[in-house]
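Below you'll find the structure I mean.
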Amino acid sequence: MKAAIVGGTGYSAVELIRLLHHHPYVEIETIVSHSTAGQEMDTVYPHLTQIIQQPLDQLDVDQISNKVDVVFFATPSGVSKGYVPHFLERGVACIDLSGDFRLESPIEYEQWYKKSAAEEKYLNQAVYGLSEVYQNEIKESKLIANPGCYPTATLLGLLPAIQNHLIDYQSIIIDAKSGVSGAGRSQSLATHYAEVNENLKAYKMGAHQHIPEIEQMLKVESGSDLQITFTTHLVPMTRGIMATIYAPLKAQIKTADVIHLYKEFYEKHPFIRVRNEGEFPATKEVYGSNYCDIGLYADDRTGRLTVVSVIDNLVKGAAGQAIQNLNIMNGWDVQTGLTNLPIYP
Amino acid sequence: MKAAIVGGTGYSAVELIRLLHHHPYVEIETIVSHSTAGQEMDTVYPHLTQIIQQPLDQLDVDQISNKVDVVFFATPSGVSKGYVPHFLERGVACIDLSGDFRLESPIEYEQWYKKSAAEEKYLNQAVYGLSEVYQNEIKESKLIANPGCYPTATLLGLLPAIQNHLIDYQSIIIDAKSGVSGAGRSQSLATHYAEVNENLKAYKMGAHQHIPEIEQMLKVESGSDLQITFTTHLVPMTRGIMATIYAPLKAQIKTADVIHLYKEFYEKHPFIRVRNEGEFPATKEVYGSNYCDIGLYADDRTGRLTVVSVIDNLVKGAAGQAIQNLNIMNGWDVQTGLTNLPIYP
Amino acid sequence: MKAAIVGGTGYSAVELIRLLHHHPYVEIETIVSHSTAGQEMDTVYPHLTQIIQQPLDQLDVDQISNKVDVVFFATPSGVSKGYVPHFLERGVACIDLSGDFRLESPIEYEQWYKKSAAEEKYLNQAVYGLSEVYQNEIKESKLIANPGCYPTATLLGLLPAIQNHLIDYQSIIIDAKSGVSGAGRSQSLATHYAEVNENLKAYKMGAHQHIPEIEQMLKVESGSDLQITFTTHLVPMTRGIMATIYAPLKAQIKTADVIHLYKEFYEKHPFIRVRNEGEFPATKEVYGSNYCDIGLYADDRTGRLTVVSVIDNLVKGAAGQAIQNLNIMNGWDVQTGLTNLPIYP
Amino acid sequence: MKAAIVGGTGYSAVELIRLLHHHPYVEIETIVSHSTAGQEMDTVYPHLTQIIQQPLDQLDVDQISNKVDVVFFATPSGVSKGYVPHFLERGVACIDLSGDFRLESPIEYEQWYKKSAAEEKYLNQAVYGLSEVYQNEIKESKLIANPGCYPTATLLGLLPAIQNHLIDYQSIIIDAKSGVSGAGRSQSLATHYAEVNENLKAYKMGAHQHIPEIEQMLKVESGSDLQITFTTHLVPMTRGIMATIYAPLKAQIKTADVIHLYKEFYEKHPFIRVRNEGEFPATKEVYGSNYCDIGLYADDRTGRLTVVSVIDNLVKGAAGQAIQNLNIMNGWDVQTGLTNLPIYP
């Protein structure tokens, strides 16, 4: 199978390259970059010296459609919506790592992204690619809206509690923390080393575009309308997301029993590692890998559940889950090309 | 005025030394260290070369009592409770940076600290040294229980909302994050660079000894019984604490109005900087200084208040507040010796 | 005395503000910024909230000349050379933290800086402000070329060996390392957190503009023509410079004797701390302070001297030394306003 | 082929586990740890949860010899020398990642390591496992002394210059920098996060045990007696080594010509990436991979050569090169199990 990667100078693209390098069934046919077309990939990313020796291409829909079976969009929001329809028409599957096809409602998209939305026809075709939960839908689809990094960590941490009716849906609070690579490679004061290092910062208070994405999926899964409180923080590290999730328990339950239900829920899903009682995952424990690790604590004193969910934002939160979805679409083992261990320390 | 510092090889002690160096009315007479007595201070901390040239002393109550007016205890929990009575008897004021005199209930102390508590007689004498709130009591006391780092950030962030009856006391959730210096200078796997760097970790879930301290003071201020959910995270940075605090609003209120109430509450308190609407403080913005910066957000969508409160854990969370309390005890301007600016970047 | 700071949004300017805040004889009258004129200083740097409450000004030579006695230029290279003559004509002293007046030869300036040089008339007036070495000249001057950060660490580490004829001038090798704040606040891929963190990089090989500056001063002090090998590295930290300097010893000498000569050389200079045998300074030991710490090792096996010299690039390597020079120019104690201790940890 | 790993709680061991997990011909039969025998591997290293589920074993020579073909020693110095003879006698190949078999001279070992040396009989059998240079000897040996991390980076950076007679052997200066994982997982003040972060430190001046190792191999390759100046620095990062190497050129030569000679030298060695003129490698560009990247600069002004050589200290500087050597010993492709890309950012 041949693949194109669009957005080749971003961190998600370079992570797709790293992971696909070991995928037995996929070959990268072309890497597209608007801003650096014509340059060699290993000039833009010297760590690829002698490994990836091909120039970055312009985005030519016809040419690419003739050569590849699938296109990964690792582009800023607002880009893929203009190209995906053309590729789908030409029979090329699309996995979009941007937010363009995640929200069903174009109004919500425009409200949170401050950009015009994709056509509803295509929004309706898109399947939300949370691999562990929507594998049946993913299998049948040609257009995957790959989930955001925060929503991946959050939803994987919450859905077992919701489907087992453990918590009050109306009072969910998510305190989310991310490394800096989530902001991409483009330069801003917010990513300047001297501003980020030895610093912890809350940002986009009440305004993060992942809020409607999480709420949309929680509504689908819970069957109720709900609003979450969701706060994002920038942590002085390159990779890693942690969502610390709080919700009132509907009834008293022991931590051990919650863990049992979570383990059952994810029984057939090798990338989800539900930790034992008293163990809470750290972001470094999934570094460079496609794992999502979950720790749980049901507090008798307060009657609240605390969930700690960690992922590598560039792998399970982006490129890794995209490849996992490609595996599902093609009926391959879900772990194909994704068996690399976390790198520690 | 002459001062003794007990616990001279810890980070709080060395921060006391840095800050007192510029205090116009205080001279450090002796620095005591059990583990390194006899060594020169600048051997233990080479950054003090040619600045502090005195050997570390043994703890001799009589000798020290004859020489000093105040003793700062920057010791691990369980140490000061054995010495404070002797110093008080000899008329020497004590400012205890450890947790030994913070909890009024010896039973609670023993439950959370897993150590035997101080005598009730002395627990009753101790004043909780949250400088902005208890200045009247501090002024009259000879024994100050200097607040913990997390409680300082949390209480300063919560009290204006509580005293203005803005929030539901029963549903307070505090997601707290700290740099590594909070763990002290003693060595453990948890403070090893390669384990902490590029890592984010939740720890002491439901078991942190600052939980009863915060609850005790919230009960006093709110007049209600309550339980908080309080989670601590270790962030890859040396200094800084952030408490992100969530609570349901009792009634609809605009962010601007909440900010107005907070600014009013802290009007006469130069170390508290309540930020304007849309601004949220970062830990680096108080680095090395005694400031506590507070950002506020009242969310219409969810009906919840989010408070972001940051301090430097070694300054406002330890040595700085201790000196602030000394200033209050002596009727000096509260900023004496504490006017240094945050160091940025 | 009243001062103006030009270049108010850069890191050197903000460090001047931090240090001058405690200077008993200097008041900051105006802070000038071309790019952010009209904005409040605490909007550009929120850590100054409630401390510095003044808008950033445009650069109006006449207006400023009427109000201030000294102007600090904390500007990129190529800016101050256009303004300094006007201020000098109006009797205002200038301390230039940029490289515009450091090189005596305009040809060399143009070759290394790739910009046109300042007028020779003013180059001739400028005194190279290495405080410990040129205090007599500084005292008599109205135009100080404040040394670069790398040259400060290097020259202070080398001059005692040169003046005592210990080393072969023709074979000096300097392996220099800097934190990221040396690159300033402007944004580039080279300062992006995700590119710098967990990374070490050599840069500007053989092309750093501090090479001619160091060579010029070494020639003056040694009386010989010489070329140095000087390599710069970017270290994942915000502040700090280390120069590790290597040179062949002319004759066998013990480390203890070298240390003795260095201590003698810097006997009257409180900011230079020559370390004892077997001790080598770390950058954090001078963090936030005006110290330059020097460690020495004369190797019997190889006949070479190794010098380790560390400074905080923003203090002794920029703003601190600038204030030290102001103190010298005015006959004040050299430590005035610069007594703050290193912040550790 | 079955392998044992001795020293299972150290960072080199856990890196062997990560890399061997993908090796098609090797299975880890047992992981031995003296200090944590009996515990589960994923308790000691939670990132291995659900991946490595086996308890750590005691070191039983007979039992292990019956089960495995090769033993990797990832132990502190002084351990392997006591076990290697027993394994060799039982026909089990040994790859020693410690320094016990690297120095031919027991006297030198005892002088630099301050421990008693291995028996000369075994020292003589050992082959120095610098894979690119001694592949013929490695192929024939059952005992590999895997090179130290610093010597690997240094020798790979120097040998082409030496074998092409480009430089003066008597004046080689190596300024080496390492991340903290090189110090291992054991706890000390030197690895405490708050002491290392935002800090750069020179250490073991003139006393590093890798000095005699580098000198021994340079003597062999150059045919001359020589002493190097070698200084080590601790950099605030987890992984990565950079050796910046300086030496006088014997004759004038252009950088391009030096690069040509280096590329020729390493033509058949896929793990060595000699960079083009003007490009210098950063440590992050080899992170997690077995590459050694080399940048070169021949300076006309000074007549000196500067070599920048970077590796990941845990891969090419330890576990990766050990597996590379195993591949050579078995006649497998040298890249077997080592094709993972650098992880970036």
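Some notes on this structure:
Which chain is which? They are A, B, C and D, in the order written, and residues in each are numbered from 1.
In the analysis below, a residue touches a chain if its C-beta (ideal position, glycine included) is under 8 Å from a C-beta of that chain, and two chains touch if they have at least 3 such contacts.
As the structure is a prediction and not an experimental result, all values here were calculated from the model.
Distances between chain centres, each the mean of the C-alpha atoms, put B farthest from chain D. Between the interfaces C-D and A-D, more contacting C-beta pairs are found at C-D. Centroid to centroid, with C-alpha atoms defining each point, chain B and chain D lie 46 Å apart.
Distance between chain centres (mean CA atoms), chain C to chain D: 38 Å. Here the spacing of chain A and chain D, counted between their Cα centres, is 36 Å.
Residue positions of chain D with contacts to 2 or more other chains are 11, 179, 181, 185, 194-195, 197-198, 236-239, 282, 284, 287, 345.
The part of chain B that touches chain A in the complex is made up of residues 171, 173, 175, 177, 179, 194-195, 197-203, 205-206, 227-229, 231, 233, 235-240, 242, 244, 246, 248, 278, 280, 282-284, 287, 295, 297, 299, 301-302, 304, 306, 308, 310, 345. Only residues 11, 179-181, 185, 187-189, 191-198, 236-238 of chain A touch chain C when the two sit together in their complex.
By the touch criterion stated above, chain B contacts chain C in their complex at residues 11, 14, 17-18, 21-22, 45-51, 181, 185, 197-198, 238-239, 270, 273, 275, 279, 281-282, 284-288, 293, 339-345.
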